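Presented below are the structures under discussion, each in the form of structure tokens.
Across the two complexes that follow, subunit A remains constant while its partner is subunit B and subsequently subunit C.
Right after this comes the complex of A and B.
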């Protein structure tokens, strides 16, 4: 079905809205006052399967100085929308409809439609009027150019002819984004900066020509939580000082709550909900927004609460659904939802929702503070969920072992690992001691460089430790014998972070899952087949999946396959290294729940490594916090998060942005 | 950097030693004997024995190798059996000419390769791409004796603008010297140029797909500048590696090209020495080529570090 472009979709946006005092929320302006007006934006990618309609009619306005967040999961079209604004789409993508109207630099200047502008015009806009920041600071800077040269190129491209002037301004910019000793660091190359510092350089680049608009595409996703907080603060301060309007693309509701005045939720290439952040996050009206918010693990949620995933997977935009894109995954969907596209309708001041069914705020899970947003439809659902939650939490709490209670399955004493090279000596692990009890989940949390990956590699025998002892099942396996290695290979299994890279694309799913059995010579081919079927069912996949290849599965499904493979040789210890970091929240919740269930049902001992404390808290009995190769704090999960003792744990907890807009409003007041 | 070179020295010397061993023994395993040339037609066994004894060829091969190696280490490359004169003198007359030709060929292959590689990325239409592929394929597969004669026929005979062969040093007379250098260097450069073009194109395509290229584009930096200043340097390291290895091929192809263009370099010398089994000369020429190759590999590594600040020489 097509969307008529002449329809006055912008009407709801014209709804005047009282801007909160002292904030830069200038939305709801009549379109003539907006700096950027996007109308009916369509983006299509050509693919072997035919055209993929990635963005299907997106409208929004952006006023000078305001921050608009665009949220959604992979494939929602949020990044594509951002890239399409200045026609930065990769080769196969093209803007196939709509307009992107950018006001002239001064009042009275003509408005330019970027969607129909030529490459030369766009080049003059990019970097000068619209700056961009990208997700991965490690790859977004040219490794062969100095930071000074990067800034120089950015200004040179927009007619700053005087080289000395450019150099002076570059130093100024680096100083502005908080890089110490900027004059000296100008001569450094990107690899000499940390991830957070590189993102600061990216920001300096994007702001070099004082653009009116900053498009920030997942600017903090690749960063550690404490660094994320710093970068968000920097962006907030800069946009306030320079009056830059910001479009913040993110999948992180916490980031939205913290930084954006207005939020637009995308699903299946369309806007499903749009409004003031505090309204949308506190009382979502679209089932997808509500589902997304329910799926986000929160530090203030009751401990041991199961996460709520959204079953199903996003629509295939090569053949977009006739009706609402979310209908297939929506519990409230009616026949109308499946056949007719819901229009965006105004539901309050400056607020629009595209849903046939929803009629007012939808329920959110209970926060620890006790604030329940009650909705009409599914009160019983909430109550049911609560029952389950409490039972789960009780079981969780009862499972926490005191040291000395039982023999640990795996224990590590004074573990040390030093990497030496000609000039460097890096202490990756320093006196690390841990105990993993039977049937327990131990969460290991730490930022980059904390030593958590080295810990895992040392545990599974990739690196021999340089100090300390590893005891498994009562045997010292620090220097394992041949027989020990065999036992360990069978009893300790891993689930890896990247569900795309960790499955061999040329093997069938069945062969992948049976691989540990085959390579360890366990069982016969007939037994393998049976076991594969069993395992697939166990992880919630169709046993028929065994004959297909990984490419046929989504990220979450692949992670299930990875888990099935790890379970194949009936391990007693499962080490999950950032198993959900690469997944969308709605899928993350499902995988976390699966792991929790497997752990409980099979009596597994699990080490769950992640950088997201909120996720780790939900699944773990105990948590160990690592920093700089050392354990800084270990304790029962709930207690550690509620009452952190070590300043670093406190800092880590404080850095996690909560998806509760109230906190933001309160802080701003 | 000096420290790096010093650390690399032992392995470089090891390669040379191994090469000297291989050269010496393989040469003697090949049928034929310098004595056959020196003794004239139908010699008596006594004459042959006398010549063999005179040249030391009657001693065990290993002992001969020991003597030769000791001499080489002292800087004495020996006397030529057949061509006559000190080997070091023969070499020094020709090294300069060979270096001139090789450097000329390297410069041409890099220049042609860069142009073809960049065109491979910038030319979008099908016909253009087809022409480029054809040029690449022809450069790569047409043997030097064919392309050489073709060029001589065209530019020295049909349309006599260049000398058909011979040598004048570029250093002594740049203008005339270049005219002599142009055709042989070009012929020598063609196959490597096609390989360089391929690496440049692949490297550029990869660099243009990287995030930093997107960053440059988002800053409004003109496409041409992104291509040459941002992407190309990132495409160069693999090109340098392959160029370093191609020096080996260039040295090998010198034998044919020098013959075609009557270029009095090491290739011609090697050819004369091989047909007459003039062991000391062949050994010296081959050992010299190996040494050049080893040095070029070292230079490649240094160039890597120069281009890419992330490369630390260890």
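Right after this comes the complex of A and C.
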């Protein structure tokens, strides 16, 4: 709860109400038409390690009816900023500085500073003038109340007294967010709605009292791509029809490009770049923005091109860096960057950047031309590209096997899996046939409920199939004998989705990696130690990590540990179940590159499961698309993405939001 | 073969010291790295103000009970001529009871019953309950049988169970221990069974199975260390429950039989003298309260340590 923070250079002077001199050019809007003005917002969390400065001086304006995207990776302070606007911070957090000025409902009404408002005042604002949508539609509705009741309470809390009026309005709202047969569905409970439908209900709830501002915190992150597209379209339409201003918090550059007119990039609790979406995404001026954009896998990028991660990890905000927060990971950093906080300076109309070095747009990889990053790219990146990795694309394309060409390592014929309980019967897999050839990567894509996770678990023998055959190395292992299980455990290993849940928190990293070796009685303790050191280096970690515990590592590092464990018994087949979907973009790129390198260097056969087609395309030789427990289409990766045959594949491809701003010009203009 | 690959390797032989042993000598150097903080999270939890106060309270009282013959020269059952004298008089540091027995020595000796309850009955309950939980998680039929057994034990209110056991087995420490063991079996057993079932389906356990771990290794190396948290905390809670139960049984006269000293018995005997000799009742009350508070502080400290 300290306000010990140095006043940032860019923070406006004493009186927050007086528009700072540069404000008009700074924010591209004169303050008079701004509905919400945030100045020098600071949020501090108390923790055992001392105060954590999660947000360190954020300024922005929001005009009526406009959509502002706040982007950043985990720990950037984007969600904290949104929560701080209405002081909905968790118990340990507090707004420790700055102001949040909300214009009165009608012109001439007094301006209210939410940062210093009392709880009573805030309660009148929340849900009435500022609506909120959260990330997880599964947990943000009360399972005991019907959807109609939710809407009813929201309106009653803000003084709509007439019960019939509330009911009529509730039906109207459900209709507005695109729920069919709204009068009937009012009586349904949340569990009777799918994830996308629940998010629609959440939006209806947030709009119930016709708020001026809608805060949407990662509204589509928990949803499947095709549903995400629908929800984004809905938000765009509503914002246009109702004139609601939207603050869209997201980590997805594609979502920004699609939905927001302006974008603000946060890093380490500070704004690093702010401007019109087209300008920022097409010609980023801050090295972090550029890095983030380079890391995003794109469908229009040349096939087989390596992704560009940002090395390093975000700063520890318990002891915020003296200079630019990004300096440690920045390839352009100078001494000044490390010692002095760069101020936000205006660079053109409505555009600000906080960087000492950059003066002008930084290069991005050109879509569709094979050009490798030049200029601003780091020396190592260039060296890497020259180092023969470029041949990767060609090799990858050439590697694609024709069926019948070689013996598959692993093949699955007519696989079926039915989960039965007393009351219902769920068909998770239905007549699935796949072949995995030596040294190839087979991508498996599908949305939730497509059966891809069941497929994996059946393949590694966690639960037996109810129909079909699994053949590994020429042997039928559908009902494996003890000897078969031993072979399978050596040869087929798996990388899990959640880097937090898949490592035993009570074991050291060394013990975790050596665990398969110990379990299978391979080698001596001395050999295990050597192998652990080797594997840690192989996945890009310090061998000294062996003595530490998983909690000491970040998500990306943990995923590397999980990969090292899977590689320990020298498997020939590696199954990766959504290995990067829990990671930040910049880290995701590093892990995808690591897996691609390992696959090529060790000659692994790999099954790579994900819901993001753009990622799968970059790493796979062939792709299988699944839906509802069935395979709908299989083909060489590039061909399948360029020329999809099945309508579902086409829908999936269309739903991948591209970070190219041109894609949204029509929608937002 | 559940040996820890990394720590159980003090063979300095020809194996080159791993690259990460920071310039130290060969062999066991890696294991003997300087420790800046306490490695064990339970110990770390206990080494907080809360934990230290709890440990001190419980340690001092139980230690005093254990050292009773050294701390007092009075026989707890010897009846002197001075009945109901106040603290400090006639060589009795804490006075005497209605038939002239030294209160301090009776207090100290009665702690010994609690000592036994805490150190024998609770661990025994943990052992049997834990074993039954392990049986339960092996097979569905065994699970049903064990769970019904737990239900059966839980269906008796504790004091009724106490009366029954005393009626069958007679007065004495044996009956108290039996009752507490019977009560603790289902509480430990259910808790451990639930924790094992939860952790057995966690992703890291699935990962271990795919790594080739058999059922025994899975249980001992992966599931139990993670499932132990609630049980470790429960041990301290169970101990405080046991202290209260022992007091209650002796208070209503079905525990330790007079003339042997017990906290509950003393409390019961002190009732007629509450007004004139409040110190009489105060002694056992303070001891019971301090033990229960101390044990609960330990439980809370362990709980906080485990959550790290």
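Everything that follows uses one rule, which is that the second predicted complex is superposed on the first by the 615 of 669 C-alpha atoms of A that agree within 3 Å, B and C clash if a C-alpha of one lies under 4 Å from a C-alpha of the other, contacts with A are read in each partner's own complex, and residues count from 1 in each chain.
One rule holds in what follows: a residue touches a chain if its C-beta (ideal position, glycine included) is under 8 Å from a C-beta of that chain, and two chains touch if they have at least 3 such contacts.
Just so it is clear, the structure is predicted and the values come from calculations on it, not from any experiment.
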**Q.** In the superposition, subunit B vs subunit C on subunit A residues touched
**A.** C
Q | subunit B versus subunit C as contact partner of A:203, first or second or both or neither | A | neither
Q | First, second, both or neither for A:569, with subunit B first and subunit C second | A | second
Q: Please work out whether A:585 is in contact with subunit B alone, subunit C alone, both, or neither, and reply first, second, both or neither.
A: neither
Q.
Contacts for A:486 in the overlay, against subunit B (first) and subunit C (second): which applies, first, second, both or neither?
A. second
Q.
Contacts for A:157 in the overlay, against subunit B (first) and subunit C (second): which applies, first, second, both or neither?
A. first
Q) Which partner does A:526 contact after superposing on A: first (subunit B), second (subunit C), both, neither? A) second
**Q.** Overlap of the subunit B and subunit C footprints on subunit A, listed as residue numbers
**A.** none
Q | subunit B residues touching subunit A - in the complex, by the definition given at the top | A | 210-212, 214-223, 225, 229-230, 233-234, 307-310, 314
Q) So in the complex, which bits of subunit A are touching subunit B? A) 86, 88, 123-128, 131-132, 134, 136, 139-145, 153-154, 156-158, 189, 191, 202, 205-206, 208-209, 421-422
Q) Which part of subunit A faces subunit C closely enough to touch in the complex? A) 457, 460-462, 486, 489-490, 492-494, 496-498, 501-508, 510-511, 514-521, 525-526, 528-530, 532-533, 542-544, 546-547, 562, 565, 568-569
Q: Enumerate the contact residues on subunit C facing subunit A in the complex.
A: 1, 3-6, 8-9, 11, 13, 15, 18-20, 22, 30, 33, 202-214, 217, 221-222, 225-226
